[in-house]
Amino acid sequence: MSFQNPVFIPGPTNMPEALRKACDMPTIDHRSPLFGQILHPAREGVRKILKSDSAEIFIFPSTGTGGWETALTNTLSAGDKVLAARNGMFSHRWIDMCQRHGLKVEVVETPWGEGLPADRYEEILTADTGHEIKVVLATHNETATGVKSDIAAVRRALDAAGHPALLFVDGVSSIASMDFRFDEWGVDVAVTGSQKGFMLPAGLAIVGFSAKAMQATGTGTLPRTFFDVHDMAKGYANNAYPYTPAVGLLNGLNDACAMLLGEGLDNVFARHHRIAEGVRAAVRAWGLDLCARSPEVYSDTVSAIRTPEGFNATDIVTLAAEKYGVAYGTGLGEVAGKVFRIGHLGSLTDVMALSGIATAEMVMADLGLDIQLGSGVAAAQDVYRSPQPTHSRAAA
Amino acid sequence: MSFQNPVFIPGPTNMPEALRKACDMPTIDHRSPLFGQILHPAREGVRKILKSDSAEIFIFPSTGTGGWETALTNTLSAGDKVLAARNGMFSHRWIDMCQRHGLKVEVVETPWGEGLPADRYEEILTADTGHEIKVVLATHNETATGVKSDIAAVRRALDAAGHPALLFVDGVSSIASMDFRFDEWGVDVAVTGSQKGFMLPAGLAIVGFSAKAMQATGTGTLPRTFFDVHDMAKGYANNAYPYTPAVGLLNGLNDACAMLLGEGLDNVFARHHRIAEGVRAAVRAWGLDLCARSPEVYSDTVSAIRTPEGFNATDIVTLAAEKYGVAYGTGLGEVAGKVFRIGHLGSLTDVMALSGIATAEMVMADLGLDIQLGSGVAAAQDVYRSPQPTHSRAAA
Amino acid sequence: MSFQNPVFIPGPTNMPEALRKACDMPTIDHRSPLFGQILHPAREGVRKILKSDSAEIFIFPSTGTGGWETALTNTLSAGDKVLAARNGMFSHRWIDMCQRHGLKVEVVETPWGEGLPADRYEEILTADTGHEIKVVLATHNETATGVKSDIAAVRRALDAAGHPALLFVDGVSSIASMDFRFDEWGVDVAVTGSQKGFMLPAGLAIVGFSAKAMQATGTGTLPRTFFDVHDMAKGYANNAYPYTPAVGLLNGLNDACAMLLGEGLDNVFARHHRIAEGVRAAVRAWGLDLCARSPEVYSDTVSAIRTPEGFNATDIVTLAAEKYGVAYGTGLGEVAGKVFRIGHLGSLTDVMALSGIATAEMVMADLGLDIQLGSGVAAAQDVYRSPQPTHSRAAA
Amino acid sequence: MSFQNPVFIPGPTNMPEALRKACDMPTIDHRSPLFGQILHPAREGVRKILKSDSAEIFIFPSTGTGGWETALTNTLSAGDKVLAARNGMFSHRWIDMCQRHGLKVEVVETPWGEGLPADRYEEILTADTGHEIKVVLATHNETATGVKSDIAAVRRALDAAGHPALLFVDGVSSIASMDFRFDEWGVDVAVTGSQKGFMLPAGLAIVGFSAKAMQATGTGTLPRTFFDVHDMAKGYANNAYPYTPAVGLLNGLNDACAMLLGEGLDNVFARHHRIAEGVRAAVRAWGLDLCARSPEVYSDTVSAIRTPEGFNATDIVTLAAEKYGVAYGTGLGEVAGKVFRIGHLGSLTDVMALSGIATAEMVMADLGLDIQLGSGVAAAQDVYRSPQPTHSRAAA
């Protein structure tokens, strides 16, 4: 098993040395006061990264998918109506989960590569005078297409429609890497995981609930036990969990938050943006297009790159792994075979990004694409040579 | 944070060095073939430890509680009837989960300290001529009371009644430490976690489904997505997960199975029995009683020790942690304050057990109990000095 | 390879989790400023632990034996005269090293089990009116016999004789575990290693030179390159080494000093004393004697325990390893077969010590010695139950 | 402290994950049989990597410099004559060590950038009819200049002259990365360290002695104790050391040998050659020259790159560290400020090498050198795209 090269999948990300060590913790008694000294600061750190003063933070031994289920099952009842746009594989999956839990989903089909259609949301919400729609789902960053959506615009749509629906945001591949404003955007439930911006192994579903969402937990009747936020809240009040917590991961999360807040969120976001700009410069130099249709939806955490008609983009991922030991993401769903993805989030430096760009060039040339070796690297180097604050360069 | 002393909670257990290192794994692409080389052997290892030829093994990034929910939501529908005995905190919690998922539970109240009443089960099942009972729940080892139940007897009760109900067994604190015979006992769903007999951090729900249980997944209508075994099975067929797996923990699980099977399951069980016998000899030397009422229900993974009337057993746990840095388990539920628990499962040696016994003596003496220092240690030493096969002594 | 039980050899000691992680460091450029940020604080930490304001601290990628060689080769010339007492294996070896480097050693043969004979030193130094003796060697703690010597008394002997010889002290198994006063005792060279009181892996020779010793480096003509303190000093002035440093170990040393100073040296010494008192109480309860002849020379880091005439003490060490997986020290040299040694230094708790005492009891009983099981444990428990400041209990 | 980017210093190298874990070992009793199970296979592995059937392998807790001292002090006496060429900083330092140990060194001054002058050696040896020269020193790979010398030619010179001098080879930066033939070349002492081809932390001096060199240890009278090979051999015969060994590093060495031999030495050497060829292609593309004067002396482990007249090459190293967090080597001694060095040995992949090349381009451009961005990367990509056996690509 070779671990020498960085990974360029859109999560789990490369892990900082210090966080690996924080997770690799000996057994402690998870019912001792020591556990509270890990749990509460971790929750407080997450809250700050969400830019919220008052969100209730719940952390489950699970994944982002479990976070979605937490959001739905704690607040909704079978037959409730939900509004959602499908513009990629992950929004699709969340819709599917809703349907399997007996929710009615009003789906706004949206071209993959575009952001959430806030104006369509506004029309639908305005038309919903009976307020049947209980929740609006919004995927902040579509990992499948490398598309960032404007959550503030979704909030404005709700407000313009004077609609009381809750706003649930999937921030799995955005939170802690791109700006997220829980309070300012009026988010009711935010969902993320440990393995993206937090640079940890997978294994934690991290959710934030607004006061309004907490209120909705009183009426939602979908069955839930493992993901019940009341059980969790009751546990937290006693420095404990309703079952056995993943102590090492929580310790890692605590340290991850400290690391991110120490670097400064603005610096973290600027670092992700700069690295992403380098990747995008390389894509242009290669003469290729992003799946994301316009700059305002470009994701700073993952780029989905369209390959020429007739070419199987998945071959890039396969050959890169086999010949060079480098991992990229394949296209999923509608764009399977049409795009390959370079993840550029979490613990990454300009220097690491250059190796990912250089390897992609070699692979594309190997597969007969008309790519000039070094061209993407040179374009990215131009970006990475620009002045930058020292402290924003790297997580430890 | 001091990690010097072993822990004596009934899980998570002390972790072998090699397993900590196996879990502390750099990021790999969980959609690469490499992942399959971890996943499938881990599942196969679990199957062998369950002593099953054909159980379908599913591993979720969750905990044993998530395993219970997996068992229920994949096979049952709201309103279905379940038979269960309540003889401790963990059987109580599983019953509670059933009720919260809209199942009707026929509860056999059983004194805490006693095993499952197989004869009562037989009467009830025999009376259930309409076969309304869909599932019989059985807690193999009640972690709260240190009581082991006879699952073979429960199977015999089902067979004697000619009843087709499924048999779901909670083996969280027994599997991989005490003998468990999935096929021989006709178990339909077995549930465990990573943090007990497998000696890993918490974070994995591990379940085995019989063919009959898999069939039931076709009719169960309880909503489920995160814990859906069909999604999981579909993922496995592609060396993948329906979401992001906890790769490091799976790698650890794979190595844990190899370690246990390498030691030999009989040796593993004998080792747990011998260590437990030492602890029980100490308890007798102290003049105290176990919560478990008779030797045939003594658990080899945890001993719940009754303290004298009027004494708060939880004080032992508190003082041991504060003064000596040693963790024991408190009493839960009905036996809160009446027992303290010494966990003796997972990665443990005779020598480590002696330090747990010696510390308990000091604490009890400190708290004014009439305990002769060294008495329990001497009794345990007698047990541990008996000849033993070298290879059964220790996990690495 | 099983790593479950603590070790009870007199070094290398058990290692705190945090120090293992500090040593396990990725590669850095040892010629970068970052290295200076590890090196200088580590040297400063050592200086504080030596209780010196001005000692020059040198740290070689070597062991304590290399530290001895550093002391000799930097200050002396072939034919120079040295005064030393032989009261155990380690003083014997240092004498041997002197002789092999062409030094003339006036050896004061001293019974093994006794401390350095300061009065004999005084007589000899007084008689040496020509000041032929250039250096007095003193082993602070004889690891072979568990004997601590009075270095202040040796200093008084030098002063009473008005003798200008340098005072070289082997503090390998005392420094950072027992009180050591470089400045107050007028020590000229102190020698230690990383693997005892500093709780690190072996691999560093740590030495302190007084101004007077530094002056002597100008005249000593013994050949030296690897251990040359001038090369080292020149390197340090440039944040560097004359060759490749052991960066991870230095990082560990830096953290070890911080950990010890954070606990407080007095607390560290009191902790070692208390644990040693427990071991000694056990020895008395067993009816056995220490090799150390009187309480004032009892070592707080290692106890050498005499076994009855006709019994091979080494059998204890062998059986403990084979049957129980526990490591003690054998007798060395003159006391081979006559003593076994329990190391009780470094990262150790009362609780760990009890497991070492309990195991020794089992082994001695197994080998037919008339030892009452539990007797030593009970005696030690009495010691360990006495009130103690929380903060002095454990290194992390 | 950021550890994200690979290092490109010519050692210590990047470390494979598996070797870091092998070194990070809990304390064991270094006098137990377990230690022998680490020590002897490690020595045997080193012997195989030296391509020797019978060399005595000694491993000291020290560094390559200590290995040099071991070679000299065990075989020579003050006043003995040694023949050596000075063609870089490391040959210079070995000469200096000889002189400081009272040896007479006949120095052949050789231009930095050239290999050892075997013909001059032959002339001198032929002229030395009295066989005053006891030892010929040869630096296999001059780390300062990136120059590999022809050791077989030095052997031929000795043979042609019919001269009985011993042949001592510094293989610190060649062994385990480039072909080394102890037996075939008639090497008498080979010296290396743990932190280069063995991909471990610094801390071990590794030496091989021929039978003839072992014989010379009987007559050499230079003082030695720490580095005495007889003490060491005596220890090894008892599975032990004459002092405390660096157990974790030895465990790592054992695993490193297994890893290298598992990959196959020819594959290891081919991998180093291919990566080096990529770096050299980049240097040509930049329009720069190597310090090494001709292809037959190009080192496969380090390239020293000359920068234009008037430019301070050290600025590259400084800016790379400060702005991009990447470490290269500076020029040393005669070529200080004239070259910078890219280390390409040990645990390295093509992909990692590309990031080192890309960063060097950025830095040189930042400093105003006329370097076309992407040019060196493209040249190296051409090399790295060539077909290669999968198994030779990477150490784990």
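As written, the chain order gives the labels A, B, C and D, with residue 1 at the start of each chain.
By our rule, a contact is a pair of C-beta atoms (placed from the backbone, for glycine too) under 8 Å apart; a residue touches a chain by one contact, two chains touch by 3 or more.
Here the structure is a predicted model, which is why all the values come from computation and not from measurement.
**Q** Please name the chain that ends up farthest from chain C once chain centres are defined by their CA atoms averaged.
**A** A
**Q** By the contact definition above, name the pair with the higher C-beta contact count: A-C or C-D.
**A** When the contacts at A-C and C-D are counted, C-D has more.
**Q** Roughly how far is chain A from chain D, going centre to centre by Cα mean, in whole Å?
**A** 46
**Q** If you average the Cα atoms of chain A and of chain C to get two centres, how far apart are those centres in Å?
**A** A distance of 53 Å separates the two centres.
**Q** What whole-number Å value describes the gap between the mean CA coordinates of chain C and chain D?
**A** That pair's centroid distance is 34 Å.
**Q** Spell out, as numbers or ranges, the residues of chain D touching 2 or more other chains.
**A** Residue numbers touching two or more other chains: 1, 3, 14, 17, 26.
**Q** Along chain D, where are the residues that touch chain A in the complex?
**A** 1-5, 14, 16-17, 322-326, 347-352, 354-355, 358-359, 361-362, 365-366, 372-375, 377-378, 381-382, 384-385, 390, 393-396
**Q** Flag every residue of chain B that touches chain A in the complex, lowest number first.
**A** 1, 3, 7, 9, 11-15, 20, 23-32, 34, 61-66, 68-69, 73, 78, 96-97, 100-102, 193, 195, 201-203, 222-228, 242-249, 321, 327, 329-330
**Q** Which residues of chain B touch chain D in their complex?
**A** Residues in contact with chain D: 17, 21, 26.
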